[in-house]
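Naming follows writing order (A, B and C), and every chain is counted from residue 1.
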Amino acid sequence: MEHASLASSAAAAHAGLHADPSEHAPQPSFWPILLAGGMGAVVFFVFLVYLGVPLAGILLAAAILGSLVAASGWANTIAVERRRMDPVQTNKDLTRGFFFFLASEAMIFVSYFEYLYYTHFTSAQWPPAGMPRLETTLPGIATLILVGSSFTLNWGIHAFLSGRKSAAKNWILLTIAMGIVFLGMQGFEWGFLNGVMGFTITTGAYSAAYFLMTGFHGAHVTVGLIMLGLVYWRMEKGEYTQQYHMSLKAAEYYWHFVDIVWVFLFFSLYLFQGH
Amino acid sequence: MSLGLLPLYAQQSGMAQAMAQAAAKGSAAPVRNAFDAPGSREAIRAAAESLHALLWVIPFILIAYILLAYVMIRFRDKGDGRKPASFHENNPLEFLWTVIPLIVVVSVALHSYPTLSFMEFGGNTPAMTIDVVGHQFFWEYKYPKYGIDISNDTLVVPANQVIDLDLTSVDVIHGFYVPGLGIQMDALPGRITNLWFKAKPGYYKGQCTQLCGADHAQMLISVQVVPEDQFQAWLARHSSQTAAPPPSPAAQAAALPARLSEANSAGRQARGKA
Amino acid sequence: MSTQVATAGTIQPRQYHGVLDWITTTDHKKIGIMYIVFALINAWFGGSLAGMIRLNLYNPDWHLFSPQLYNQLMTMHATIMIFLVLMAAFAGFGNYLVPLMIGARDMAFPKLNAFSFWLLMPAAMMLYGSFFVAGGAAADGWWSYPPLSTAQFSAGHGEDLWILAVLLLGISSIMGAINFLVTVIDMRAPGMTWMKLPLFVWSWVVTAWMLVLAVPVLSGALFMLLSDRWLNTGFYRPALGGDPLLYQHLFWFFGHPEVYIMILPGFGMISHIIPAMSRKKLFGYKGMVMAMWSIGIIGFTVWAHHMFTAGISSTARVYFSMASMLISVPTGVKIYSWLASVWGGVIRFTTAMKFALGFIFTFVLGGLSGLMLAVVPFDILVHNTYFVVAHFHYVLVGGSVMTLFAGTYYWFPKITGRMLSEKLGSWIFWLFFIGLNWVFMPMHLLGIEGMARRVANYRIEFRPLNQFISEGFIFMLAAGLLFTYSVIKALREPKSAGDDPWQTNEIETHFEWATSSPPPAYNFEEIPEIQ
């Protein structure tokens, strides 16, 4: 077998290349197909649960568990493999990929915002007739808390980078606490609207948009909290160094993203009600 | 060949008499589409606009095809060891084939706006407004001015008058499409869309163009445009009857599936006889 | 082959064999092959559905299928062809070729790549399985417009499964697209600057961007639709203040970029094949790149031309008409640049070149009808008729499928190490080319005559043309059979293609032709470099 190489003299000089090219062939792995199957199963079992098929709930739980196992197995394999890779390059790749992922997440929110504004501007009045005006004081405080948590997280990371690990952990704990308080306040508002005001997800297009947007955002906050929890745990175990803390950065970007979305959401849903 | 369908539609719509009269006057030829037999000024202008656009664009297509044929013949490998040319850019040329098509498409688009405006707003003084309501799977026509409400029937309107159609739907989205009149608009639940036309006497066929369920294909439209006197006669006949409520959707659904095939076989029989 | 013993401290590559090798692989080439084979298998399913549609329309008196079943066949034909054939096939070629073309050893995230592929499986199972649930498969067209697609009017669970499957396909596409973007941005070989990227790579960069930005909007719209169906919400329900028209806006905000997602990689392929077969460098590289970006950007701003008769405002009609027309300018630039690339060359009429030149012929027609449809008065005359069916089949079959055939003939030797028979290829080309024009050309006439699309049955006056069209389908079927036979036959022959069977690198350096056919698992013994 022959391999033509176009610039053989120059190529050998490239840094980071080992003598055995087959070492660079990607490793086979069972995790991708397992996770894909698990996700497919989760979606399908959600459908079965909706149909009311007996035992579907147990199957769904099993599928979720299986997916989580596959995902953590995958993460573990990557952690092992990365030890022999160029960490700078890998982190760059992951960060970039994560940004593209956030871009597509943002587009999902864009579709919901488009829904909200379209409904807003085509309604004769806003909020639509028979719908309550949303109270702004409590959500305003929640907004301040969530925005504040972006700052506490940043201070935490700053503390970590300047070597003050226990301060960093405290800041991250505080961030997590603020996130939980935010979720609690949202939950209180949901309960209030649902129970006291009779404003439920089936009341109308406006209430549906409200619950979808706050709910979808709340789910993102929850994911962000889980990420921060993992970050705290890994920091506790001392797995981060000054150079290698990719997941810390990812959690940070994600948290800021969730915050920024909320600011838009707060403006669009709560402040922009007069019409 | 579509002539063969006429008796059936006429029978179905209770228009046999009017149709026979119209046929005698030679105005009953079925209008098929806006290009070979336009039935309204909208259809004429839309068809003309289409041809205008086509004429402006065709040269570019022709240039591409002629070039394609030419290069295929001229530059094929004849095995004579000819060396390929080495050029691979030409900024003036690329500039030209960007800018000239740009100017042309912009002018084609601009040229179409007066026609579009006419098709949207040209009928601002309607002689009559008819409410068209889409149902699964039939059309209901209401003439508020005359208290007439007919369903699953031919839409009858007077000729040479601006007819305004307000479309809506009670269930899913339907599409009201009569090519010979140059009109098409969706009928959506929860909103009213608008159409107008001013047609020559004649018989126009159309159908629902927005997938609306299993019997979407059965949701035909027929429009009978008649002279004023015949329209008055039609009005008198319909007003004297007590306005019957539209058939229930279930009854409609039961009656429908066979309709198109009946229409088709009746059409063939008539054609065979003719 | 110069293999050294792995030094201590490195990990010996694990190796599985047989089926396990394929299901555990993270090699972009094997994943690419799986995508392509998956697309070919689904093309047979989707094509069979097309055959059933044409059979049903052969004679309106036959009533071969119930209208409900016909709507299911029509909906699934579109869904399968779009998501499981065209997108999968282009993803397959992209997977196989992009890392090779930029001189990388694999994609940036090889496991994510495998995940994207395997996620197609549950989606495909749910789509095909939906034929067997109560009420049958989804029957509301691939647009799935509410209110028709709400629980009130589509109570069957096929629609639910359809939505869930498309959501899964969306995740797969987004992950795949992110992978492409990071790969091209970060893993180019030394010296491979942006303006030296091969055009197929550029086409995937633009396509991936469109996927990342467009697909989530579909997911959002479908999520709200699912909520209307399952949770009884009122997102698209007029009685509750919702608006079905909004779904159309969201859907087409995805749907129109989707059209370019399905054709841009094909443009990229043609830009490789024409120069290689004309023995001449591509004409107007910069213009080609700019044209693709223009298409990618303007493509996001034209969606409502699918809604010209949906009751949008006059201003919207004027704007969307103009914007849609503008897209024809970069498309024209590409056509003319390809022709200029041939000019002065020495053409070898290989099968790949036949498909490439045939593509120019048919795609120009698709562009012409597209431009006509952007003229609103004309659109009103033929919207949602067979004219539109003709238009998008000229774009997707005369465009995308022709480029896929061309690409298959061109890169098959690289992928398998074997040549496809040129003799059979000529037959396949002519059968397919004649078949597609035979089938889709008369549809323009049907539309102008006023035959609505998506009808299981039609007025008798449309019968002669419909029968003529159905007869032409036999040619396309024959081409498909012959092509499948040709592929299987070639795979049984010895690997004799050589590294660069088309002598592409004598004209211009392309990395994929600089390694062996098929390439080793690690692609390049040494990372190549552009001087």
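Following the convention adopted for this analysis, a residue touches a chain if its C-beta (ideal position, glycine included) is under 8 Å from a C-beta of that chain, and two chains touch if they have at least 3 such contacts.
Because the structure is predicted, anything quoted here is derived from the model rather than measured.
Undergrad: So which chain is farthest from subunit B, going by the mean of the CA atoms in each chain?
TA: A
Undergrad: Using only alpha carbons, which chain's centroid is the nearest to the whole structure's centroid?
TA: Central by C-alpha mean position: chain C.
Undergrad: Please report how many Å separate the Cα centroid of subunit B from that of subunit C, as a whole number.
TA: 32
Undergrad: Rounded to the nearest whole Å, what is the centre-to-centre distance of subunit A and subunit B, using the mean of the C-alpha atoms as each centre?
TA: Distance between chain centres, rounded to whole Å: 50 Å.
Undergrad: Using the touch definition from the top, which residues of subunit C touch two or more other chains?
TA: 243
Undergrad: Taking the touch rule as given, give the residues of subunit C at its contact with subunit A in the complex, in rising order.
TA: Touch residues, subunit C against subunit A: 1, 3-7, 10-11, 13-16, 21, 23-28, 105-106, 108-115, 117-119, 121-123, 125-126, 157, 160-161, 164, 167-168, 171, 174, 177-179, 181-182, 185-186, 190, 212-217, 219-221, 223-224, 227, 230-235, 237, 240-243, 246, 249-250, 253, 499-500, 509, 511, 514-516, 520-522, 524-531.
Undergrad: For the complex, give me every residue of subunit C touching subunit B.
TA: Listed in rising order, the residues of subunit C that touch subunit B are 60-61, 63, 66-68, 71, 139-141, 145, 147-148, 153, 238-239, 243-245, 278-287, 309-311, 314, 317-318, 321-322, 325-326, 328-329, 332-333, 335-337, 339-349, 357, 360-361, 364-365, 368, 371-372, 374-378, 380-385, 448-450, 452-461.
Undergrad: In the complex formed with subunit C, which residues of subunit B make contact?
TA: Residue positions touching the partner: 1-2, 4-5, 32-35, 43, 45-47, 49-50, 53-54, 57-58, 60-61, 64-65, 67-68, 71-72, 75-77, 82-90, 93-94, 97-98, 101-102, 105-106, 108-109, 112-113, 115-117, 119-121, 136, 171-173, 175, 177, 179-180, 182-186, 188-191, 193, 205-218, 220, 257, 260-261, 263-265, 267-268.
Undergrad: Mind listing the subunit A positions that touch subunit C in their complex?
TA: Going through subunit A, the ones touching subunit C are 1-8, 10-12, 14, 17-33, 35-37, 39-41, 43-44, 46-47, 50-51, 74, 77-78, 81, 84, 89, 92-93, 96-97, 100-101, 103-112, 114-115, 118-119, 122-123, 128, 201-206, 208-209, 212.
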